[in-house]
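Look at the two complexes coming up: chain A is in both, with chain B in one and chain C in the other.
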Partner chain A sequence: MLESILSYGLAIGAVYALIGITYNVMFTASRVFSFTAGMLGMVGGVLGAWFITRLGLPVIVGFVLVLACGALIGVVTEIVTVRPVLKGIEQHLYVLSTLAFALMVQQFVAIEWGTEAQPFPRLLPIEDGWVDQQFVLPILACILTVVGLEVLYRHTLIGRAFRAIAEDSYAARALGLPEQRLRTASFALAGMIGTLAGFTGAMMLLAYFGNQAILSFYGFVPVALGGMGSHRGAVVGGLALGLFQQAANFLVGGIFAAVAVFVVFIIVLLLRPEGLAGAATARRV
Partner chain B sequence: MSIKRREVLAGSAAVGAVALTSGLAAPAIAQNEPIKIGYLPALTGPSSSTGIGINRGTLMGVEMINASGGVNGRKIELIVRDTQSDPTKAVNAVAELTQRQKVAVIWGPLNSGEALAATPLIARDKVPMLHPCWVDSLINVQKYPMAFRNAPTNQQIGAAANHYVVDVLKLKKVAVISDTTGYGTASVEAYVPMLKAKGAEVVYSGHVDAANPDLKPELLRMRNAGAQAIMPWSVNAGFLSRILNTRGNMEWDVPVVGQTTLGSGQTKALLEKPEYWNKVYSNNFKKVCFGKDGKLPPAAEEFVARLRKEKVEMGDTLLWWIALGWDGSRMMAETFKAAGSKAGDIVGYWNKLKAWPGVYGTITFTPEQHNGFPDDEVVMCEVNSLKDGAFNLAPGYSS
Partner chain C sequence: MDAAAAPIATRPAQTGRVARIEAAVPWVVLAAAAVALPLFDDSYAGVIAQRACIYWILCAGLNLVVGYAGQIAIGWVALLTLGAYTTAVLTAGTVMEPWHPYIALVASGVMGAAFGFIIGLPALRLRTFYFAMTTLGFSTIVTQVALAWKSVTGGGIGTPGPVFPWPFEPGWGFYYFCLLLAALATWMTANIASSRFGRGLVAIRDAEVAAEASGVAKGRLLMTVFLFSGALAGVAGGLFSSLQSYITPDAFTFDLSVLFFIAILIGGRGSILGPLLGTIILTVLPEFAAPLVAWSTFLYAALLLVIVLAIPGGIADLLDYKNRRPLEQHREIVTRPELLSRILKRQDGGGALELRGIELHFGGVRAIDGLDLEVRSGEVHGLIGPNGSGKTTALNVISGYYRPQAGQARLDGETLPFLEPHTRAGQRIARTFQTPRLIGGASVLENVMIGGTVEGRCSFTEAMLSLPRHHRDEAHLHEAAMTALATVGLEGLAAVRADRLQHSELRFMEIARALMVRPAFLLLDEPAAGLSAEEIRRLGALIKAISRSGTGVLLVEHHADLIFDICDRVTVLNLGKVLAAGTPAEIRAHREVVSAYLGA
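Right after this comes the complex of A and B.
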């Protein structure tokens, strides 16, 4: 039982963490909470199955194409649903515009791909021994993403520009940083991370248009638990959620497992509204 | 000689006046008018696989009837409205079919979700209705006196599976699991008491979110409780395949007995290994299953030969779906021939229908019972024996 809780809990937790990071990457660059993260995860699984199983492309080609499509969807999201809203006064309309765009993509997938879950191929040509690739790949993807983002944000010029925009967009613009182009680039990056989550998690979750709802919600929980904008918090929150969810599956089972997850989620937010890794911010009044 | 527009209009008016005063021409026109059947399949959308299969049989039946001269010289016209698996669309189509098109009878909807929404409206408009949906409440002679079902009810489906587990396989400890949909939860609530009434011990009973990707905890619970059979009730191929994959990975040799989706191509496609489909038994229908001799019953064999001759695709659907569509169109045509196309006459004829010999089922209606499918023709089949859309009867049945 413990082995199953650890392997499965960490793997699904890594997928949730990656979706949480997707939310964060879009949020930090734009202060927009885009509800397209779950959609990106769903699309990653469906496109992966389409490229590799249906079209018969090599795994590596399929993988690169999935990431490219994710980046493209991210850019389209920014242009279509975020940029026009940020120009307006009622900026919180992005809740509607991003959600509507995500639902449109989901319906398109349902029509073109089908509404039944479909198989996702084994990605590595190896026999599963003591490690199972469906569990290892999402964890590996999560580690590489977090390390990659750390390197990007701390050791590259563009990463520092991202951080500058996130901390104070007015000051960054005053310094001559191209805010709009950086925001578009961050949405492209988020698109790649979201589809990476779906691609590596699809051996567990299958290529299924209905995954959008669970990824949107369970991917949001790590953000709320870990603190908005904190990638490390999202990873800790995601892994904790996966482990707790799987432990609840074993201990209480059935629909009660989902209830247990929500109860803990609400309790944590009541005790620490800023999230486990977040810090309360001072506001000038 | 040139004909002026005014002369044509005057001539037409004269002919119309004669027709109106003599009353001769109108019946002659009515006798040659096609008989309209309002047809509500779900040809697109999430529940369309059933509709696509039934549609092939329905179209073939109507084409054959019309090719042989129609019914008493009148063609049958199918007025098709794709419900798109959406109850709202089905409701809108009903209004059009009954009030504008004035159809003689409605065939469908073919899915329970749409039928639940559409049946009260069809009853209100007093149009006879024939449908193959399983939800029990869709047939109620008091509420819907013109609605008839040429397929089994959910009660019959559950009873056949319970009978197979308890009486044929002689297994007494049963695990019953469903997804959290209305269909799944209602099935578990209905079938668990039926199992207990048969003397079975339900050692596990639960509902699980179909999106839950790991069902190992649930299957471990079943195994630890001593389950000798698993009965899943869901139409979600992903959920069912996860049960079968988990059972296979646990190397647990327990039979799985349940709903027809267990034997669907979508479920098969999601299996990690082909052998995980072994010892899986799903509902099916005796008249369209291969017997012990490996042959279909004669009527089904003749039907398959006809399908091949007409080049109707069978590989991507199920034989019983096509046969059901064929039976529906044939039954309606025979009714028009024997009783005419007036609503009261159709209902009167169906109320006395006895042992109507369909390819899919033998249908009997009475004024008190509009569920026409016989209990003994609902059986279980071996899902790993799929060939030409049909399955072998499960072990324990006689041909």
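Right after this comes the complex of A and C.
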């Protein structure tokens, strides 16, 4: 039992962490909390099943196509729902515009691919020995993403530009950085990370349009608790959430797990709105 | 004084009788259509009409939360679910002795109120997206619990809904029951919306800081509204369980939440009629567009996107033709300081507002570094200094927005608590802001009436039921606000939406709002910024007159002429410290002040 709590918990936790990182990547570039993170995860699973099972494409081709679609959706999100809102006065309307866009994609998926959960193909042609690929792949994807982002942010010019925008977009623009192009690029990057989460997690979660709401919420919990913009917080929070959920599932049942996560989430945010690791920022007058 | 006796139009022309009849027309038409519907004897139309009524009972309450208070509550379907299961489970008799359906319906309302309160709590501290997310999370969890708690809810198989007995049997009887409750919900929410509580909600939405400075207790007001709105949603759920006759978790998809939310946004924020029309349209539309049913949620979402990007004002904005009439081009603000005696009671003086040893730093930045300041009743006290010297920060400390690391603020010797800005209006401390904080969606009159929040005597319930004390409050506030507007010369613009005013008019509107507090002390933050020379002269005379009626005025300003003209004493700040203090003549001669700030 301990083994299955650990493997399943860590794997689902890695998916949550990746969705959390998706929120973060969009947030740091634009200060926008986007409802599209969970949608990207859902799309990753559905498109993966479509390309590989339905169209019979090789796994690697399907994988690349899924990431490409993710990037495309990210770019469309930025152009359609974020750019016009940030130009206006009531900037908090992004909550509604990103929600509307995420719902449109979700409904489109439900109509085109059905509302039943579809099986997801096994990605690697190997026998399950002491490891099971459905658990290993999300964890691997999470590690690679975190390392990749670290390399990107610390050691490449475009990564430094991302960080400059995140730190102070005003000053970054004054330095001549193309803020809008960088924002679009980071939405594309977020699209790839989100679909990667869904693609690698779909052997557990199946290809199901209803995963959107669950991933939206459980992917947000770790970043809200860990502090918005912190990848470390997202990973630690995501893994902890996954383990806690699985342990509670086994020990006391699913209702308690769901309610407990929600209650902890609310209480922590009421006590520390900026998250457990975040720093308070408030000058509103 | 002859001038003070001059009459003031107590009602803006546009709210006359004609306008009131005009406003009543859509309601009369709707009511007549609803009452006459059974004459067509089409039972399918009856079912759709029942659904529209039930949805509206929920939306009427949600409208106060979303449309008025501006809280993005997207998971409201959870309360419908809770209400439906409460009624269904209590009447089914599987868990305990079956309850009478009408009593179970009341229980649903109580349940809805309790959970509305719980969902609402995070709104007090969290930013918009976080709150939206918590409501979304709550709705996912309610569905999960409904699925998993098989012994009570029947799990995925579901549970039967009740049949309401005489006098509201299934069919048209039940329809009239739903209609009656919908009408009641409309009446109550309309009463709240037009009371000081409704204005407080809009103020929280558009200008939270100004709302608190006017004495709106945000937490209390929001929680009351969440309770009320939750109760309506719970009752709607109870009726819904009877309409469905059998409920499963599938009946409460997130799509429904989206429908409610979009109905309100299509209707327009800060309107009752608009969201009502929105709800009816969204309920009825799929019936006419049968081939599109599968696409309905997609289309709702697309509609939401279009509304957000293209017409944020919704239907209500399109119908609001009065506020598209052009305003007179060359408007002049003619202040009438002689009317002040009607607003401010002469005070005997002797009071003082003091800061003692205030130190405030933001991280490493020392915004205020040991400040002592005293404003006495009946004087104009100038606070000047270079940008960043801590003038506005000092005002914010007095108004209670910041908690300094050291020092005290005292009013007539009593300590003022920090971080409780909404208590200041009750202490008769009023203020204006460096950038005018207008409630853009409300009329100028309503913007000013907000200032009288602490004068209101009636309770939320009295306002909801339109009891006499509510009407006395309204009449009193209305008259006081018109007088305040006449004093600052804006009574002709009372009915205009505030976001159509010019910058200088907004400055005077803020002063009128502050006067509504009947302030013992008035804090003005750069009131002359952006005004013409003539307007500054009138402003100066008005400020002087306010102080002569016994109010202490603390004036932050950069116009040296105005300061030296009207101030009795001046304090000069530099780098968060007092550089000099004294009479205008002393300050003008002060060598350091001249070199640091005024210039030779």
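FYI, the second predicted complex is superposed on the first by the 276 of 285 C-alpha atoms of A that agree within 3 Å, B and C clash if a C-alpha of one lies under 4 Å from a C-alpha of the other, contacts with A are read in each partner's own complex, and residues count from 1 in each chain.
As a convention for this text, a contact is a pair of C-beta atoms (placed from the backbone, for glycine too) under 8 Å apart; a residue touches a chain by one contact, two chains touch by 3 or more.
Small disclaimer: the values here were computed from a predicted structure and weren't measured.
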Could you check whether chain B and chain C clash or fit when both are placed on chain A?
clash
After superposition on the shared chain, which partner residues are touched by A:V136: those of chain B (first), chain C (second), both, or neither?
neither
Regarding the shared-chain residue A:L243, is it in contact with chain B (first), chain C (second), both, or neither?
neither
Counting only touches as set out at the top, which of chain B and chain C does A:V268 meet: first, second, both, neither?
neither
Who does A:L103 touch here: chain B (first), chain C (second), both, or neither?
second
One more residue to check, A:I214. First (chain B), second (chain C), both or neither?
both
If you stack the two complexes on chain A, which partner ends up touching A:A68: first (chain B), second (chain C), both, or neither?
neither
Just to be sure I read the superposition right, which of the two partners does A:G253 touch: chain B = first, chain C = second, or both, or neither?
both
Please work out whether A:L6 is in contact with chain B alone, chain C alone, both, or neither, and reply first, second, both or neither.
neither
Could you say whether A:T81 touches chain B, chain C, both of them, or neither, answering first, second, both or neither?
second
Under the stated touch criterion, name the partner, chain B or chain C, that contacts more residues in chain A.
C
Of the listed segments of chain B (163-171, 181-189 or 379-387), which one clashes with chain C in the superposed model?
181-189
Report, in rising order, the residues of chain A that make contact with chain B in one complex and with chain C in the other.
213-214, 253-255, 258
Under the stated contact criterion, what part of chain A meets chain B in this complex?
1, 4, 8, 12, 110, 115-119, 204-206, 208, 210-211, 213-214, 246, 249-250, 253-255, 257-258
Enumerate the contact residues on chain A facing chain C in the complex.
33, 80-81, 84-85, 90, 92-93, 95-97, 99-101, 103-104, 107-108, 111, 213-214, 216-217, 220-221, 224, 253-255, 258-259, 262, 265-266, 269-270, 273, 283-285
Given the complex, residues on chain C that touch chain A span 72, 74, 121-122, 125-130, 132-134, 136-138, 140-141, 144-145, 148-149, 209, 254, 258, 265, 294-295, 297-298, 300-302, 304-305, 308-309, 312, 362, 392, 396, 399, 401-402, 433
Which residues, counting only chain B, touch chain A once they are in their complex?
45-46, 180, 206-209, 211-214, 216-218, 220-221, 236-238, 241, 266, 269-270
